[in-house]
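Paired with subunit B in one complex and with subunit C in the other, subunit A is shared by the two complexes that follow.
Let's turn to the complex of A and B:
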């Protein structure tokens, strides 16, 4: 029987409740966004008692569907002031689904200061005192919980940044090896969890792939077919397993859209030194791994295990992070990037936001561009809670205000990721308009702009970008609701059997008779719900714009500006 | 004979066809006038079916694209992620 776990942190009561019919065939982002829209006042303080943190597995999570273990974390974002769904890999989504839990809803706010841990097992749920975990980094918290509750548990936790309510704090969970590196990083949801006095959620489930399925035979056939569709696709079946997400570094650089020196240039002369090919070489030479699955049952295995010179391991170093701490800061050493990545994972910060913030601090002259040791020292201030550490943890837009920087790459207060909107204009449209604030995953137009997946739209021209971004935003909102990894899109966009097979899996699992059109409607509805929340929170079309410098400064080597017209941007959601 | 010279970079596994080169390492290549990408691949011994993305000065081009000289040519197998 599907259920919600509702945790009232004001009274520290935990309840298991039946799921109302309207939520039964929602999962992942569709569920977190609907619950937030239904239960959270749009104008509330994100760190106050009326915000909620909703954690939900996707519709297919916990089954044998390949690469379906993604976790959605939602709430009102302290970083953007709007609705947020942040999506993570790791092992807890499958465990929650196997315990019949459709969502964990954290609400209220304690009057006193004590910290707690929520333990979820097949026997029930309880809040336990966790003051002994306060101030500890996520790696140590995860290790302690695995020791205390068993080495198979999934641990959702926040670091000191979340405890200190920093706006760029993320919520993490671990992979199968116990690395607390699978982040729902974006939007500051770690601060929301911190505001409720919850340090960790430990999920203990003996099962991984046995979530209830109405028609097991039909499901098995569809899941097998979907596996084959992924494996037959050259990107999902070969490229991602060989070099991981950081395979993008070189192609984005060669295409001239790799943001370098805080979005000043589109190419970095040391890109090949920090890309996936080099990473695979170093990882293998040091006894790490060039390929690694973030959750059981993933066939793409795009992660890696990067041993660092200090003996610790950063698993994984992803493309976005390698970019944020590499080209963005003019740092050309993987070991420095891995160290910055590790510190963020441990202290509990989003790596993209933190990279953007350090870029802003370098723009301000607080630390020099290219100075890796200075960046590491600055980032180490976060755990100490010093004024500089708090500024870094507050995100790029806040740091820009503190230091009077106008070249701040952020939309709706959230830092722009690893594709410059002036030479990958489809992504520019997504950054400007997604309800999430600048987010590459919300409508990943790099596919058609650069990778020639799902057609081709010239990245340097404004024509066609709005339609491209719109279609991708709708498809992504639906995909983020299934628990499937976004990377299945590479196969789905180029294989006409992809989407019908996903629908077949959902129908076999839930006994529904959805069609491909219903999936489109689901995606549109998710976006509509999120947009409405943001409008009620005070957002207008003026918030659906890029920062001024992208319209005024040319980006070498193509010397282009962002020139998709405002009235075009306002048509992205014209299906509503 | 008039020749043109381009600067080639290969990535993501295509370097296996150029035993002396690492990924991303610039390789100057000379071709006859009006040489195409196809001619370039033939000269380098890279099978056409292994190349998915061809960027010439950062712009996508097809196999029959005619080179002028001085271009930066970047070759990739199918790659993707996010």
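Let's turn to the complex of A and C:
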């Protein structure tokens, strides 16, 4: 029986409640966004008592559907001031789904300062005191919880950054090896969890793939077919398993849209030094892994395990992170990148946001560009809560305000990821308009702009970008609701049987008779709900714009500016 | 011949240009807001090349109209993101007006880092290199300029805070004694001036009261009558000259609406220790002054000269500042308040904003409440540009974000001044709705709420506050355009001849035939223009609200919350 776990942190009461019909066919982002829209006042303080944190597995999570273990975390974002969903791999989505839990809803705010841990098992749920975990990094917290509750548990946790209510704090959970670095990183939802006084959620479930399915045989056939579709696709079946996401480094550099030196240039002369091929080579040489699954049942296995010189392991080093701490800061050493990545993972900060913030601080002259040791020293301030550490933890837009920087790569207060909007204009449209704040995953136009997957739209011209971004944003909103990894999109965009097979899995699981059009409608509905929330929160079309410098500074080597017109940007959501 | 001085800081060109007819009958705030609305793109970066800084005397400035020497400074605010006008006393408004200058318009942004000084004399205007003034406080800069250009010059300048583009930086100018502490403090316009690379404007004019007047005899009669109206009013003629603005301390404390300990309480047990009566006693005992005029021709002389134990002089210590560093921080020592005030004046920060920011840092536990020495040490970080100094200089809302504080007293990013909105609800309406960001001067409902001037509206009840605030906001927008000090309102509200006499002065000066109704229309127009700019910049009714805690926490001793309904707030500008 599907249920919500509702935790009132004001009274410290935990309730298991039935799921209203309207929520039964929602999952992941569709569910978190709908619950937030229904229960959270749009104008509330994101760190106050009226915000809620909603954690939900996807619709297909906990089944044998391949690569379906994404966990969605939603709430009103302290970073953007708008609605937010951020999702991650790791093992907790499947575990929650196998316990019949559609969502965990954290609400209220404690009057006193005690910290708690929510323990979820097949026998029930309870809040346990967790003051002993306070101040500890996510690696240690996860290790302690696995020791205390068994090494099969999943642990959702925040680091000191989330405890300290830093706006760039993420929520993380662990992979099957106990590695606590699968981050729902974006938007500062870790600070929302921190504001509730909850340090961790431990999910103890013996099952992984046994979430209820109405028609198991039909489901099995569809899942098998979908698995084959993924394996047959060159990116999903070969590229990602070989080099992971960081295979993009050299591709994006070659395309001239790799943001370098805080979005000053589109190419980095040391890109090859920090790309996926090099990473695989070093990782393997040191006994690490160039391919690794973040959750059971993933066929793409795009993750990696990178042993660092100090004996610790950073797993994974993703493309976005390698970019954020590499080209973006003009740092060309993988070991420095891994170290910055590790510190972020441990203290509990989003790596993209933190890379953008360090870039802003370099722009301000606080840290020299290219100085890896200075960047590491600065980042180590975060755990100490020093003024500089606080500024770093508050994200790029806030840091820009504190230092009076005008070249701040952020939209709606959230840092722009690893594709420059001037030479990958479809992504520029997504950054500007998605209700999520600058987010590459919300409408990953790199596909058609650069990778020539699902067609081709010239990345240097404004034509066609709005339509491209719109279609991708709709599809992504739907996909983010299934628990499927976004990377299945490479196969879905290239294989006409991809989307119908996803729909077939959902229908087999829920006994529904959805069509492909219904999936589009679902995606549109999610966006409508999110946009409406943001409008109520005070967002207008003025928020759907890129920072000024993208319109006025040319990006080498293509020497292009962002020139998609405002009126065009305002047509992205013309289906509403 | 009325003219604009237009300074393009990109090309470093200075032009004197004719004033278009539409601007001829505007002055002060009406002129700065109209120019900003006409020439600045609403969505531009406040510290980028497209913002402009407009400095304008009031309509009556430079004549013998009493208390008419206010200088308006306008632009898009880095603090609020909206349109901003901030005005100050001092001698430069009269000097500019006597040179026939309706406004100085600073625009563009230099590509390199050189700093300049704009010298304005009867013989012309020129930019001079000013790198030698960089890093210097406003006291020293003013002294150097008076030494270099003669001790009668007026000096408009910014401190290191403005150079460092801090969002709480103000623009200051000097009084007749050369004291550089007449601040257009609010909204961070000092950072806008800093972003243009302009350190100071030196205004050398031999005349003070000889701005052109069409009908001198008629004007003289009206000005004389207006002077008498002021002198006959108990507040303008007796209260303000005796104790200055800080006479309010005990009154507001008694009323239970003196924000204490970052807006936790409405009374401060040491209020009498930091109030105007005590200040007058100490100042006089130390050879200072309890009454002092900030510009020639002021009959209210509400300023003061406070000698500090270290031999320096803080002039003046105003009520708002005494509150910001006193009750707001639970500091009960005048000497500490004066020291904090002096540091702010010198480094170039708005005292209200800085007091709110220190309150937020105390709320966050960075500095203990009541610890004056810790507050002084923290404030001394600003000039050094340390991370903590940067946070302080960035204002209360930004500091709140950096520290994850939810009890941040700010609206539209700007700190709330010295009257708690829960026990002076008319001011609460003004804070919430004025396009200026939280600003007591924009619609000073303390008059009818507490002082019983111009009627009485119970400050503890929501009834009548919207109408009160609306009428005051309209009247203030008009008054801010004349160059008259806001304090003439005490007399104008109490004497039916007040407003007609102001209109008579304007008509005599400009040869117009305005009526009292035209003045209301002018005020409404200013507000319309400002609101429209803010709407284009992305403001909505969601920005016209107080912070959450004012709606949810009761303020002792009256134990009231802010309960003017949202729908009511949205009716403030129903004349539009």
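To be clear about the criterion, the second predicted complex is superposed on the first by the 576 of 576 C-alpha atoms of A that agree within 3 Å, B and C clash if a C-alpha of one lies under 4 Å from a C-alpha of the other, contacts with A are read in each partner's own complex, and residues count from 1 in each chain.
By our rule, a residue touches a chain if its C-beta (ideal position, glycine included) is under 8 Å from a C-beta of that chain, and two chains touch if they have at least 3 such contacts.
Computed from a predicted structure; not experimentally measured.
Participant: For A:386, select first, second, both or neither according to whether it touches subunit B, subunit C, the two together, or no partner.
Facilitator: So A:386 only meets subunit C here.
Participant: Based on the superposed arrangement, let me know which partner A:404 touches: subunit B (first), subunit C (second), both, or neither?
Facilitator: second
Participant: What is the contact status of A:447 with respect to subunit B (first) and subunit C (second): first, second, both, or neither?
Facilitator: After superposition on chain A, A:447 lies in contact with subunit B alone.
Participant: Touching A:543, do we find subunit B (first), subunit C (second), both, or neither?
Facilitator: second
Participant: Check the residue A:101 against both partner chains and state whether it touches subunit B (first), subunit C (second), both, or neither.
Facilitator: It touches nothing on subunit B or subunit C.
Participant: A:305 in the overlay: touching subunit B, subunit C, both, or neither? Say first, second, both or neither.
Facilitator: Neither partner.
Participant: Once chain A of both complexes is superposed, is A:557 in touch with subunit B (first), subunit C (second), both, or neither?
Facilitator: first
Participant: Based on the A-chain superposition described above, do subunit B and subunit C contact any of the same residues on subunit A, and if so which?
Facilitator: none
Participant: Could you list, by residue number, the parts of subunit C that touch subunit A in their complex?
Facilitator: Going through subunit C, the ones touching subunit A are 42-45, 47-50, 78, 164-167, 191, 194-195, 366, 386-388, 390-391, 394, 398, 401-404, 406, 536-543, 545, 547-549.
Participant: Give the list of subunit A residues in touch with subunit B in this complex.
Facilitator: It is residues 234-235, 238-240, 242-248, 250-251, 254-256, 266, 271-272, 275-278, 302, 319-320, 423, 440-441, 444, 446-447, 451-453, 456, 458, 460, 486-487, 490, 557-558 of subunit A that touch subunit B.
Participant: Contact residues on subunit B for subunit A in the complex?
Facilitator: It comes out as residues 9, 11-13, 15, 23-25, 52-53, 55, 57-60, 72, 74, 76-82.
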